[in-house]
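As written, the chains take the letters A, B and C, and residue 1 is the first residue of each chain.
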Amino acid sequence: MTVERSADVSSAALGTQPRSVACQCRNASVDLGSRAGPRRILGDINFDLHEGEFVAILGRSGSGKTTLLRVLGGLVDPTPESVVTFHGRPVAGPPQDVVFVFQNYAASLLPWRTVHNNVALGLEGKVPVAVKRARISESLATVGLEARAADYPWQLSGGMQQRVQLARSLAMRPRGLLMDEPFGSLDAMTKASLQDQLQQVHQHTGATIAFVTHDIDEAVFLSDRILVLDGSPATIAHEIPVELPRPRDQLATKELPEFLRLRRQVYDAIVETGD
Amino acid sequence: MTTLGVGPADAASPVEPGERRRTTPARGTRTGSLPPLRGLLPLVVFLASWQLVASRLSPFFPPPSDWASALLDLSRSGVLLPAAFATVITFLLGLVAASVLGTVLGLAVGASARTDRALQPTLEYARAMPPAAVVPIATLLLGFTGTMKVVVVTSAAIWSILLNTRSGVRQLNPVMFEMARSLQLGRFERVRKVTFPALLPSIFLGVRVAAPVALVITLLVEILTQVDGVGALIAQSQRNYEFAQGYGLILVAGLFALLVNALVSMLQARVMRHRPPA
Amino acid sequence: MTSATAVLRRTNVLGVATMLLLLGAWELLIRVGLLDFQNLPAPSAVAARAQQLLASGELMTNLLHTLRVTLLGWVLASVIGIGLGLVLGLWRPAWRWSMASFELLRAVPPISLVPLALLVFGFSVRTELTLIVYASAWPVLVNTIEGVRTVRPELRDVARTLHLSRRETLLKLTLPAAMPSIVVGLQLGLSLALVLAVVAELVGNPSGLGNALILAQLALRPEEMFAYVFTIGLLGIALNAAFRQIVAWTLTSAKPLPGKVS
């Protein structure tokens, strides 16, 4: 794997050192306009994301997961009293070094650009051309798509398109990734292989990742910690640490008693929130 | 507002008056099977028999060979080329102005429901106005000038571009812009790299319909006002009872129309290159 | 009372307000003298003149003439367009052996025929009608052909399995399926008919709104010109709205679900 940040960060990702806080959320609330005026979607959300941590966000449909992620990504403004910071700076607009990965990969890739040029989008004019080229081929190699650089996104399968989006994010060398159900609409095999790739990326870049999903197995398999959203307005109803050894393996990890226990625990937490 | 018989009067075009539901721009060229060339036979036979019996017909119907020689005379006397040039310039200026204004207005009404509502009756009314009726007013205010011609052409050609841009804007996926912001693209970069290319097919669909309209309206203004151009020559040949010349010039107008359609199709193929098939 | 509020809710108040605002601004600019196109009348002057024209019956006479010719020409054009379109669309040999000729003829802008028509038919209603029919038959023709040719093959199979006769197939499947396309052609034809009526009246036919407009121009009466131009615009809107209403009333059942007919 070639996408390498710095040694201390990746060791932080492995959890061997005390971690600094990457993202802070204090009393974060969000009002969104509905027909009957503004409605509070999120109320008083408090949590930290640590540098290099992988946090999964779960919750029932419509509970506000996407909204929370969009707040972190600066795509939705929280109420004025909310304090949301990324890397020490208050979030106002998409923060530097943080990239959002959308569930709707088809809409997030520009159909008139080749795969290569889609990955280039965030780098153009910001880094020297040689650096840009190097980073593009590096990140395409990371997701195993270097052979398709000249194709157009609509010529690729769904899983490939999502990998292009991932490559585009990685080319930015992000310190934070915000992923909204990135594998939600993919088949099981593709999903598993992308999970493995994401895990590798995480280990090698040490990026902080917030990952929204509906898939309990996926959440447990990938994350260091799981947040369960619930309520109206939504708050963090449960916080479940996941202390499974890394690197994790699709078969071996999923057979561990601890994995099964966590899976159970998360399931109960979500079911309980429904009542 | 109307295609005036030239170009695609196609059902898929989203420019039908008031057809707000039919907003899916039909992407890609309407390939539709081209009719076979042998279908030209009736026209050839018709023209040939015209040629043969023409002398026995009234002077209203001179034989096609006379059309050609009348055209040759016109071009020898140095009238045809400047006229053609004037027509082309008016057509191009009008089309470009319509494209720019139509895109800007389409963006404005497409991006804001409020602006759309505010301007809707006014635009609806302006669109229903037959361009022919606008001509006398335009000459009243702007005189018999080139500017007047361009203004009339613009006012007629703008609609399909405006409407297609509007529906294009409405179909843009917000994810595209959020993605661009998340990748730290600046405002100007977002317009240049995301908004404009995303809207290009819609805008171009509008231009495709607008181009033949612009040509027809150019001829219309020229016929009505006799300010330069092929249309003015057509009107003059009527005044002077130059039948053969009249037919010849109609032929020229038809050639222009074919040329415009071919050019637009070529341009469209270029614009739609590398786009997902419809 | 409830119907009044319903009407109020349906009308685009903001849009009407904008229109009035624009008219007001126009009036004001003329009054203040900021807008000094020599010949631009104030809306109030136009309205006053329109009132006079209405009272004298002049406007109505001209309006009725244009309306009548437009509709007559359009109906003739529609009959020709649909008839010929069905032949060309349903009978392959006819299409193969003549469509290219039609396509080439279609390229000639009908507008360019106006002076010639004047020469041949003189300054008469005949010229006007001929032009209208010729111009507005094209979109009907093209859309009818397009409509019947693109009827989905599945429908044809349905006809075969149900053992429908040729006539039944045409009346019960092909035509209804082609209807949306034909309707679009009819609508295009209608607005074209009005355009050609106005053009013909502008250049020669001695009656109708276009003729009145030209007479007002020659008499240097800008208010009257605007009054007629606005009337023509209103006629355009009214024709369009009436057409859509009639289509809505008569063809609701023929309106296909989205995507059912290409």
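The rule is short, and it goes like this: a contact is a pair of C-beta atoms (placed from the backbone, for glycine too) under 8 Å apart; a residue touches a chain by one contact, two chains touch by 3 or more.
It should be emphasised that the depicted structure is a prediction, and the values quoted were computed from it without experimental measurement.
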Distance-to-centre winner among chains (Cα means, whole assembly as reference): B
Interface with more contacting C-beta pairs, comparing B-C to A-B: B-C
Taking each chain's C-alpha mean as its centre, the one farthest from subunit A: C
CA centroid of subunit A to CA centroid of subunit C, Å: 56
Between subunit B and subunit C, centroid-to-centroid distance (C-alpha), Å: 18
Subunit A-subunit B separation of Cα centroids, rounded to whole Å: 49
Numbers and ranges of subunit B residues touching at least 2 other chains: none
In the complex, subunit A residues that touch subunit B: 70, 73-75, 93-94, 96, 98-100, 102, 104, 107-108, 110-112, 114, 121-122, 124-126, 152, 154, 168, 172
Contact set on subunit B toward subunit A in their complex: 173, 175-176, 178-185, 189, 193-194, 197-198, 200, 274-276
Subunit B to subunit C touching residues, read off their complex: 1-6, 9-12, 16-19, 32, 35-43, 46, 60, 114, 117-122, 124-126, 128-137, 139-141, 215-216, 219-220, 223-224, 231, 234-235, 237-238, 241, 243, 246-247, 249-251, 253-254, 257-258, 261
Interfacial residue positions of subunit C with respect to subunit B in the complex: 12, 14-19, 22, 37, 39-40, 95-116, 118-120, 135, 138-139, 142-143, 146-147, 180-181, 184-185, 187-188, 191-192, 194-195, 198-199, 202-203, 209-210, 213-214, 217, 222, 225-226, 228-229, 232-233, 236-237, 240-241, 244, 262
